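In the two complexes that follow, subunit A is the common piece, with subunit B as its partner first and subunit C second.
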Partner chain A sequence: MNILITGLITGSMLALLAIGFSLIFGVARIVNIAHTAFYMIAAYTIYFLSAKLGVSPFWAMLIAVAVVVALGLLAYRFLIDPIREHEAAVLIATIALAMIMQEAMLLIFTGDYLTVSALIQGFFVVGGVKVFHQQVLTFVVVLIILAALWLLLMKTNLGLAIRSTAEDREVANLMGMNESRLAMITMAISVALAGLTGAVIVPLAVVSPFMWMEPLIIMMAVVVLGGLGSIKGSFVAAYILGFTEALVVFLIPKGAFLKGSVALSIMILVLLLRPEGLFGVSFEEER
Partner chain B sequence: MLLEISHLTVRYEKAVLINDLTLSVDTGELVSLVGPNGAGKSTTLRAISGLVAWEREIKRRSTSGDIFLDGTVTFDGERIEAIPAHEIVRRGLVLCPERRRPFREMTVLENLLAGAYLQKDKRKSRETLEKVYALFPVLKERTRQISGTLSGGEQQMLAIGRALMSEPQLLCIDEPSTGLAPIMRQEVFAKIEEIKRLGITILLVEQEVSTVFKLAARNYVLSSGKLIAHGRGEELLKDETLRKTYLGM
Partner chain C sequence: MNVRCVVRVCVLVAAAIAVLSVPVWAAAPIKIGIIGPMNFVQGKGHWNGAVMAAEEINAKGGVLVGKERRKIELVKSDSNEFLNLTDATNAMERLITSDKVDFIVGGFRTEAVLAMQDIAMDNKKIFMGAGAAHPELCLRVAKDYKRYKYFFRVTPFNSNYLVRTSFAHMGFVGAILKKELNLPQVKVAIVAEKAVWVDPMIEAAKGVIPKMGMEVVGTWRPSAVATDVTAELSAIQQSGANLIFTVFSSSVGIPFARQAGELKVPAVQVGINVEAQKDGFWEATKGMGNYVFTTNTYIRGVEYNNLTKDFVEGYYKRFGETPTYTADTHTAIKEGLAPSIEAVGSLDADKIVAHLENREYLVPSGKVKYEKDAQGRPTHDLTWGPGYLTSLGGQWQDGKFVGVWPNKWVAAPGAPEVTYKGVVPYKIPPWMKK
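Moving on, here comes the complex of A and B:
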């Protein structure tokens, strides 16, 4: 039971992170290493607003997402966009960006571990296991976000343009889709997802300036397993990894210490056996 | 003239892909562009549809070599050689690219709707969709099918249909028959003729010269980026050297 709950929640969180990361990679070929750093910023914003200023947690979450989107767009406009065609430069720039955010949080909030109280208190017992209401809430909210994202991508004109550009940006261009504008919009959606992940996970997690590193690695493993750029792949792979992680933590003695290595082992295995991932498409070479 | 290309030169770094090309297409015409591989046919279509201008933008930003474009392209009275691709479609010029390139992960319907991306009036795009379905009944049968699973011929129909969804005045088609079975080729050519009868001007790039010469009123022969000859099919075929050296017949 514990495995199921932890697996579902970890999986959902990973799905949100990995889909956001995949989206911007798919549309603009941007590998945004700072993706999970935005998630950290959201967590800190919520901590600051709710614990220090007494803003209600719900509003704190919304403001946090807005802050992260604003930061993401600024970073895109002034840091990533000018060097967008240099993949390696983008990689380095976003690593630097993540470091800057980490150090900024370290300066402002020090390295202390911080916590945010749960939105709703209490728990119920299923099969002898305590299930906190907050866990259920987080899971439900994640499902709602995923559903909204699915609707946006599959049922709107914007979603059609995003998917078209992700698949073949040259042909999308021929159809009248403005690729650089779409990249900007996708960046906003992508970091909003990172911010939302931070927002829903913060009552269950510890806030620290280094909290972006572990999810970054696991998220990369998810993206590799699911296939780079595939949204469906990210979704499925997130739950696979979420459950694997939960299994390892609960079934192997001292398994918690193996968490990180499990993700990395899966990543290496996938790269060795099936580099394109579960649902990966081998990208057609662009001229 | 609907389309006028005048002294167009396109250079990637030092490689000259098109060299001082001048050609024109009148409203309602079906004009072909033929020639051996690497003659600059596709680059010509990429230049007029704005892909070269777009690519130049990207290269400038990445400093990975420059694209040089000189000369003018006039469409419907407006200079368009510097306008990027996504801005050109709305002016009524669309390219159906080489190798068809459907959005493989999307359904047939989604592909077609992507073609009508700029048409914000849903009722109008619905009407255009019906026209495209009337022209290609096979697409209607496969509305919900993922386009990557279509046969080559069907994918070609889809690519043309998708281009038509933008309601173009001028449709540029790049090598539609390449890689198709002979029967499928004939069908694709029949469809192209039908599109011409609908009043849409067509600029066609093709390898299969014998069929194209019957279809097109005028033909331009390119080689190494240069215009070699221009005229009606039967006239061009009378020229022995031209036929053997450039048309491979």
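Moving on, here comes the complex of A and C:
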């Protein structure tokens, strides 16, 4: 039961992060290394608003997502867009952006570890296992967000445009879609997903300027496993690695710290055996 | 006497006063570099402790060096050693070559302090280490005295003694559990973050715990930055452990205490939890860290000697928080360096080393006496034990961090009982008594 619950929650978190990352890569070929740094900014915003200003955690979460989207759009407009055609430059620029955000948080909030209150306290027992109410709430919220994202992508014109651009940028452009505008909208959705992940995870996590690094590595593993740019692949891979992490923690208690290494080993294995990932397009076929 | 003449006399008198005053106020200050991770609580402790020492010394006119009083001037240096060791060595170089400090106090991470130590030794600068616990720092002094004699440990006592103290704490709580809960044998779960410094402690604990009449039921090694430890807690609960021996120096100490408290895991937490040493722990765990026990250096209300209260309360009044052990930069400057400078009457490093290594002096956390190794070689390491430095055991009790150890502690058969003023009885969580 513990493995099931931990796996589902971890997988859902990874799915939120990885889908956001995949989305912007698929549509605009932007490798946004700062993706999880936006998640960290959301966590700090919620901490600041709820712990320092007394804003209710719910509103703090919504404001945090708005702040992150605004920052993401600014970063896109002034940092990423001017160098978008040079993928390596974008990658380096977003690393720098993540470091800047980390240092800014370090300066403002210092390196102290901070926490945010759970929205609902307490736990219940299922099959002899204690499960926090907050964990269940987080899981449900993640499912709602994923469902909303699915509806956006599959049932709206915007979603259709995003998916078609992700599939073939040049043809989408020829069909009259404003690729640059779509890239900006996708960037907003992408960082919003990062912000939402921060919002739902923050009551269960410890807020620190370095909290973006560990999820970044696992998120990259998810994206590679699922196939770079594939939203469906990210979704499936997130749960595979979520359950892998849970299995490592529960079955090898002395090696719980190895969960990240196991995820990365899977990533390397996939790169060697199937470089395009589970649902990705092979490099040879890519335009 | 006309007005012009009066003015001239006044100017002359003023000039004379100014000139005569110069030896007191114009003497070059003693520059002390304070090095540490300044954006973190450890570095803040370094700086705050030093500021307090400098203010107290300067308020009395400064340090008497020969015939002149010289003020203390602090130079703040961010080592950034948690993130980048090169930053730490650069900061040390800058302090010595650019800021031209006379002494250096601080450092936290062993890896960084080892590198910084070499730079200070190259320049024959006295470096008072106030953070790193690894024995190697002082073993170097014994092995190559000529080169490393300028290094002194100020705090904490070395990690071997830290382990002994933690085991004393475990024995203390284990005995209470056995008596009050009528347990035939106390079962211990070892939970230690994955870090190199912890590995020898785990091996030692596995050997020592059975000798203390307790049983080890398992070892768990979460990541130092894990945010969810419910898996470990679930397994610990299933193991039947009554006592969890914790070894945490990183952020994992917060979720572990928070989740264990929220799930009301029927096992007490005893050991090292650096996050629990901070005033903000109660808030960080949202009150779920109640009954957590951790080793600590200073706890408000507990007195090692007659210096403790003034320091702890003075620090609290000045900075609004209880001093952490890195605030012993205060001790390094006020009780360590300043009296030795006055005694030798100069800033000559060799003379100060010769004086300081042979002193025995009271500090707010006990008494400092620098050790010699089995061959009689000076190590400049701190003596541990009753009468010297012991540290404290503190427990969170309903929002307040209180001292609970040493309470009738007998360090060795035949040794006198030790109880510090202000310690209160240890409390077992109520959910364990059901």
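Simple rule for what comes next: the second predicted complex is superposed on the first by the 282 of 287 C-alpha atoms of A that agree within 3 Å, B and C clash if a C-alpha of one lies under 4 Å from a C-alpha of the other, contacts with A are read in each partner's own complex, and residues count from 1 in each chain.
Keep this in mind: a contact is a pair of C-beta atoms (placed from the backbone, for glycine too) under 8 Å apart; a residue touches a chain by one contact, two chains touch by 3 or more.
What you see is a predicted model; the values in this text were computed from it and never measured.
J.: Answer with clash or fit: subunit B and subunit C placed together on subunit A by superposition.
T.: Fit: subunit B and subunit C sit side by side once superposed on subunit A.
J.: Name the contact category of A:F250: first (subunit B only), second (subunit C only), both, or neither.
T.: Touch partner of A:F250: subunit C, not subunit B.
J.: Would you sort A:I41 into first (subunit B), second (subunit C), both or neither based on which partner it touches?
T.: A:I41 contacts neither subunit B nor subunit C.
J.: Angle at subunit A between subunit B and subunit C: what is it in degrees to the nearest 10, using CA centres?
T.: Between the subunit B and subunit C centres, as viewed from subunit A, the angle is 150 degrees.
J.: Who does A:E179 touch here: subunit B (first), subunit C (second), both, or neither?
T.: First partner only.
J.: Scan A:V129 for contacts with subunit B and subunit C and give back first, second, both or neither.
T.: So A:V129 only meets subunit C here.
J.: Check the residue A:I24 against both partner chains and state whether it touches subunit B (first), subunit C (second), both, or neither.
T.: Once the two structures are laid over each other on A, A:I24 reaches no partner at all.
J.: So in the superposed three-chain picture, is A:V171 touching just subunit B, just subunit C, both, or none of them (first/second/both/neither)?
T.: In the superposition, A:V171 contacts subunit B only.
J.: Under the stated touch criterion, which partner chain does A:R84 make contact with: subunit B (first), subunit C (second), both, or neither?
T.: first
J.: Determine, for the superposed model, which of the two partners subunit B and subunit C contacts more residues of subunit A.
T.: After superposing on chain A, more of subunit A is contacted by C.
J.: Could you tell me if A:R163 is touching subunit B, subunit C, both of them or neither one (first, second, both, neither)?
T.: Touch partner of A:R163: subunit B, not subunit C.
J.: Can A:I33 be said to touch subunit B (first), subunit C (second), both, or neither?
T.: neither
J.: I want to verify one number: the closest Cα approach of subunit B to subunit C after the superposition, in Å.
T.: Scanning every C-alpha pair, the shortest subunit B to subunit C distance is 34 Å.
J.: Go through subunit A and flag every residue that touches subunit B in one model and subunit C in the other.
T.: Overlap of subunit B and subunit C footprints on subunit A: empty.
J.: Where on subunit A does subunit B make contact in their complex?
T.: By the definition above, subunit A touches subunit B via 82-86, 157, 160-161, 163-164, 167-168, 170-179, 281, 287.
J.: Given the complex with subunit A, which residues does subunit C contribute to the contact?
T.: So the residues of subunit C touching subunit A come out as 37, 39-41, 44, 82, 193-194, 218-228, 230-232, 234-235, 251, 254-255, 258-259, 262-263, 275, 278, 280, 283-286.
J.: State the interface residues of subunit B toward subunit A in the complex, per the touch definition above.
T.: Touching subunit A: residues 49-51, 54-55, 58-59, 61-62, 64, 84-87, 89-90, 94-95, 97, 101, 103-106, 110, 113-115, 117-118, 162-163, 166 of subunit B.
J.: List the residues on subunit A that touch subunit C in their complex, please.
T.: 2, 6, 10, 106-107, 110-115, 117-118, 121-123, 129-130, 132, 135, 204-206, 208, 210-211, 214, 246, 249-250, 253-257, 259-260
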